[in-house]
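Two complexes come next, and they have one chain in common, chain A, joined by chain B in the first and chain C in the second.
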Partner chain A sequence: MANYDNLVICEHCDCVYDKVTLVNYQTSYCSRCDGVLQRFNGLSVEQRLALTFTAAVLWIFANFYPVMSINLQGLKSSATLWDSVLALSVGPITFIALVAAIAIIIAPVFQLLLLMWVLSFALANRRSPAFKSCMRWLETLRPWSMLEVCLLGAMVAVFKLAGLLDVLPGIGLFALAVLSLMMIRLAGRDIRDLWGIL
Partner chain B sequence: MTLKATDGPKLPGKAPIKTRRFSVSLVWIVPIVAVLVGISLVVHSLMQEGPTITLNFKTGSGLTANKTVVKYRNVVIGTVSDVELSDDQKSVNATIKLVKQAESFTREDSQFWVVRPRIGAGGVSGIDTLLSGDYIGADIGQSSARAKKFTGLENPPPITYGEPGKRFTLRTQNLGSVDIGSPVYYRKIPVGQVVAYALDADGKGVNIEVFIHAPNDAYVTENTRFWNASGIDVNVGANGFAVKTESLSSLLVGGIAFRAPEYSPNDQPAGEEKAFDLFEDQQTALAPPSGKAQYLSLRFDQSLRGLKVDAPVEFLGIEFGKVVSVNLDFDVKKRSFPVNVGIVIYPQRLGQAHLKMLEALKHDPNDEAAGIKLIGTFIENGLRAQARSGNLLTGQLYIALDFYPKAEKVVFDSTARPATIPTIPGSLEQLQEKLESMVNKINQLPIERIAGNLDSNLVELRKGLTQFNAKTLPGVQTTLADVSKTLQSASSTLAEDSPQREQLTQTLDELGRMSRSLRELSDYLGRHPESLLRGRPDNAPPMDLKAPPRN
Partner chain C sequence: MNTPPTASELNLCLCHTCGLACDLSNRAHQCERCDAPLHYRKINSLTRTWAYLLASLVFYIPANLLPVMNTTMLGSGADSTIMSGVLEFWQHGAWDIALIIFIASIAVPGIKFVALTLLLVTVQRNSQWARKERSKLYRFVELIGYWSMLDVIVVALVAALVKFQALGDIEPRVGILFFGLVVIFTMLSAMSFDPRLIWDTPQNKEQMDDAESH
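This part shows the complex of A and B:
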């Protein structure tokens, strides 16, 4: 069986190319559909792992510090992410609360845990136990992680309420913003490079 | 060293390579910074975290975990982190997380209460909580001891610690309509309020604690009198009808007023926590001090209906004491029921008279035996007690001490305690006696005999009358008939056309004529007196030419 490890397939039109090694600022495109084949990823495994830990810390901030607090005539209320899920769950749409919990809390934390698991073994140039299923789960979880959606929603709420009430964005909101950006970077498609490295 | 041709240039040797077992890239700074930030946040919040205390409230109304705040001077000093039932399910425990700066609120005597809208007679409070929700109000204590558990007050304390002013304690028999928060007036200006009240340890009185705000607390002096200004003071006197009250709110919620008597020399502002008596009303409060009380006993042999405890005791019309007891007694010797009346008198209330008496008699008011002896001499001079009627309508009695020099002498027992003042019957009693003696005299009159005589006289009279009717009256009747006949004939005689009258007229005419001829005769005789002797000459002229013609 021939070794096809260094081939790459365009995900838009299934054209097969040889893998090339890119340097900074370089991107390879599919000649048939002009879709992006490969992009230079400046992150080493070690950097990825470090950023994953950072993201984990940010996740803790985002979940334990209030995202925002509102203040109306002395009536003060502040909410963390978990509070918002609880608030949804007491209403008639408990199911939505479950979805929200998965999308903004559970999926990201699983992604981070899997990344840490896989990357810490990759740092030692080893495949982690259950490497295959971990990699597949990372791929499965990606569409379920909707931190950026949550961030947008929170920011819309902050701007809209700002005229009516005193709205104070909390530490949680900033942590959430940074976390959602890092998640895009860390848990994107580039993770498939690990298949080639290990 | 020489280079040989065979020696080509030496290949560079390989530099020794050391492989570090761990090579740490700079990227790890990022998570480290994140962790440091996290740690700093945690440390900061730990540093900010003040003590946690537990408040015990009767109900959890208005308390919400993580929402209800604790405020002092409207600044948040903590939040309720948990509200749960107490172990015995009789109250609610609220766990409070105080901020670091509010550490002093853990002093043992700090106070906590729930601020909610309240409408009372004294006003409306806590309106702002209608929007913001209830919060817990706090007040710092002053004790140096710290506590973890506090009992929440049901009502906000009227005075916060550290407010300038003074506290005073007022002793009274009952609370009246005074309540916590009732105003304290000085010259009708509210200058303080009632902050607490409690029963005495033995339950025989009430201690009311009042707080007078600075700077008006300076007007509370050593001589100041406090009185209950609740309700209306209605006075009916010779000057008419007077209604007095401090203010409308004192009518509703009660109140206390204070003032020093007009004449109070060497008055000093009273010290903190000084105790005063709370009088019933302004009049008793500002009355001159009663001085030393003297207990006396009176013994009446009459019914004392209308004599009540607290009835006044007057000396020559000046009130100077009151009745303290009215008891029925049994006299073994006389087998009668006298009434024992205990009175207390305050000789000092006699004022000038008392002072002069002390001076003149060199009497020491504290020498009891001498005082009794003095009373003894007064009794020698006729001092007697009498129960007099103060009000004829209601029959209220009062005790009057007066001098009756004519009163019977009595022996005064100067050893008995309390001293006994002899009594004489009351004025109404005397009146009754007089009436009784009068009735007795009337009783003694021989009414029956008088009645018998009168009866026989009447019988005689009736007999006489019968006789009169039977015999005298018919005679009278016939006489009257005769009289009537006589009168009738007389009237017929005098009638216009009666012959008698005709004759009378003729007779009268004749009489007239006769008198005329007599006059002529007299005239003639006047002119001719000689004719009496000689007779009438023949040529004599007619007697009177002017005379009317004869008929």
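This part shows the complex of A and C:
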């Protein structure tokens, strides 16, 4: 079978191009539909693995510390991400709790675990066991991981409650802010480069 | 500038999972690199997109009419819908927050309904009109898709925090379930649509049908 590794197909309009080598911050676009063909990937495997471990620590902070706490006439209350998922699980709307849990807790943690697994082996220049299914899961999880939406939602919630009572953003919120930005960089499409180098 | 050759002309196919250009001349059904199933175009793309889109349109009605949240303060309770939440912020002068919620919860799903319907109808009519712009429209729809989850998260967090029994209590209501379903179904709808259909001409469609049926 002929090898087509040097070709890139535009996913938006099916045009075929030769792959080009990009340097810093360059992006190549399809000449027919203006879709992105290739994007420069500035992270080496080592850097990406290091950032993944950082993100995992942040995930722990974001999940085990309260996102925010409130104070109403001396009464205190605080909530973690898991508490907010549980708040949705009461009554007939349990299904939406599952969706929220996947979007803000489960999908991100699986992305991080898969990245750690795949990248640790990549560091030794090897494909990890179950490399194919790990890479496919990373593709499947990407659209359902919604940490940046969660961050904006938490900030809106702060403003929503600030009119009624005292609101104090917690450690969890700051961890969530940094984590959501890191996930955009870490779990993006350029992880596909591993197919080529391993 | 000349248009480059298309993958279907060269009997190639893009693997959506790993991005490899796969050779289909000997009827490969799987990507040789990542084992994902290969198709010239997403299977039943138009039917699926329509189905998910209509489902989300149906859910959009209860999502906006039914209350998403119940606030009890000092014994007196009040239900609020998404729009009443927006109006409340607006009246308290927080127009920026009101705008964020309005865009994320009402405008984004609305834009997606209009955009996806436009894309579906033009593709079905084999329209050659503004193909580049329609491609961009599709990418825009994909980009804004999940931001509508915002309200679900806000309600969840607020309900988790305000738990003071008689003094003050906030509970989620069934509207938020329908709202979440709207988001999921519009996302599935956008994922099922194959943007390459925008560029397909009747000739290469026939060619592909031939190739698939063999």
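FYI, the second predicted complex is superposed on the first by the 196 of 198 C-alpha atoms of A that agree within 3 Å, B and C clash if a C-alpha of one lies under 4 Å from a C-alpha of the other, contacts with A are read in each partner's own complex, and residues count from 1 in each chain.
Simple rule for what comes next: a residue touches a chain if its C-beta (ideal position, glycine included) is under 8 Å from a C-beta of that chain, and two chains touch if they have at least 3 such contacts.
Note that the coordinates shown come from a computational prediction; the quantities given were computed from them, not determined experimentally.
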Partner chain in contact with A:Ala124 - chain B first, chain C second, else both or neither: neither
Dominant contact partner of chain A by residue count, chain C or chain B: C
Touching partner for A:Ala103 - first (chain B), second (chain C), both, neither: second
First (chain B), second (chain C), both or neither touched by A:Val23: neither
First (chain B), second (chain C), both or neither touched by A:Val90: second
Partner chain(s) touched by A:Phe53 [first = chain B, second = chain C, both, neither]: first
Which of chain B and chain C A:Arg192 touches, first, second, both or neither: second
Chain B versus chain C as contact partner of A:Ser77, first or second or both or neither: both
Touched partner set for A:Ile171, first chain B, second chain C, both or neither: first
Overlapping contact positions on chain A, where the chain C interface meets the chain B interface: 73, 75, 77
Contact footprint of chain A on chain C as seen in their complex: 1, 3-8, 10, 12-14, 16-23, 26, 32-36, 73, 89, 92, 94, 97, 100-101, 104, 131-132, 135-136, 138-139, 145-147, 149-164, 167-168, 171-174, 176-177, 180-181, 184, 187, 191, 195-196, 198-200
Touching residues on chain A, where the partner in the complex is chain C: 1-2, 4-5, 7-9, 11-17, 31-35, 67-70, 72-73, 75, 77-79, 83-88, 90-93, 95-97, 99-100, 103-104, 132, 135-136, 139, 143, 146, 149-150, 152-154, 156-157, 159-161, 163-165, 192, 195
Touching residues (chain side chain A, partner chain B) in the complex: 44, 46-47, 50-51, 53-54, 57-58, 60-61, 65, 73-77, 171
Interface residues, chain B side, partner chain A - complex: 25, 27-28, 30-31, 33-35, 37-38, 41, 67, 69, 128, 131-133
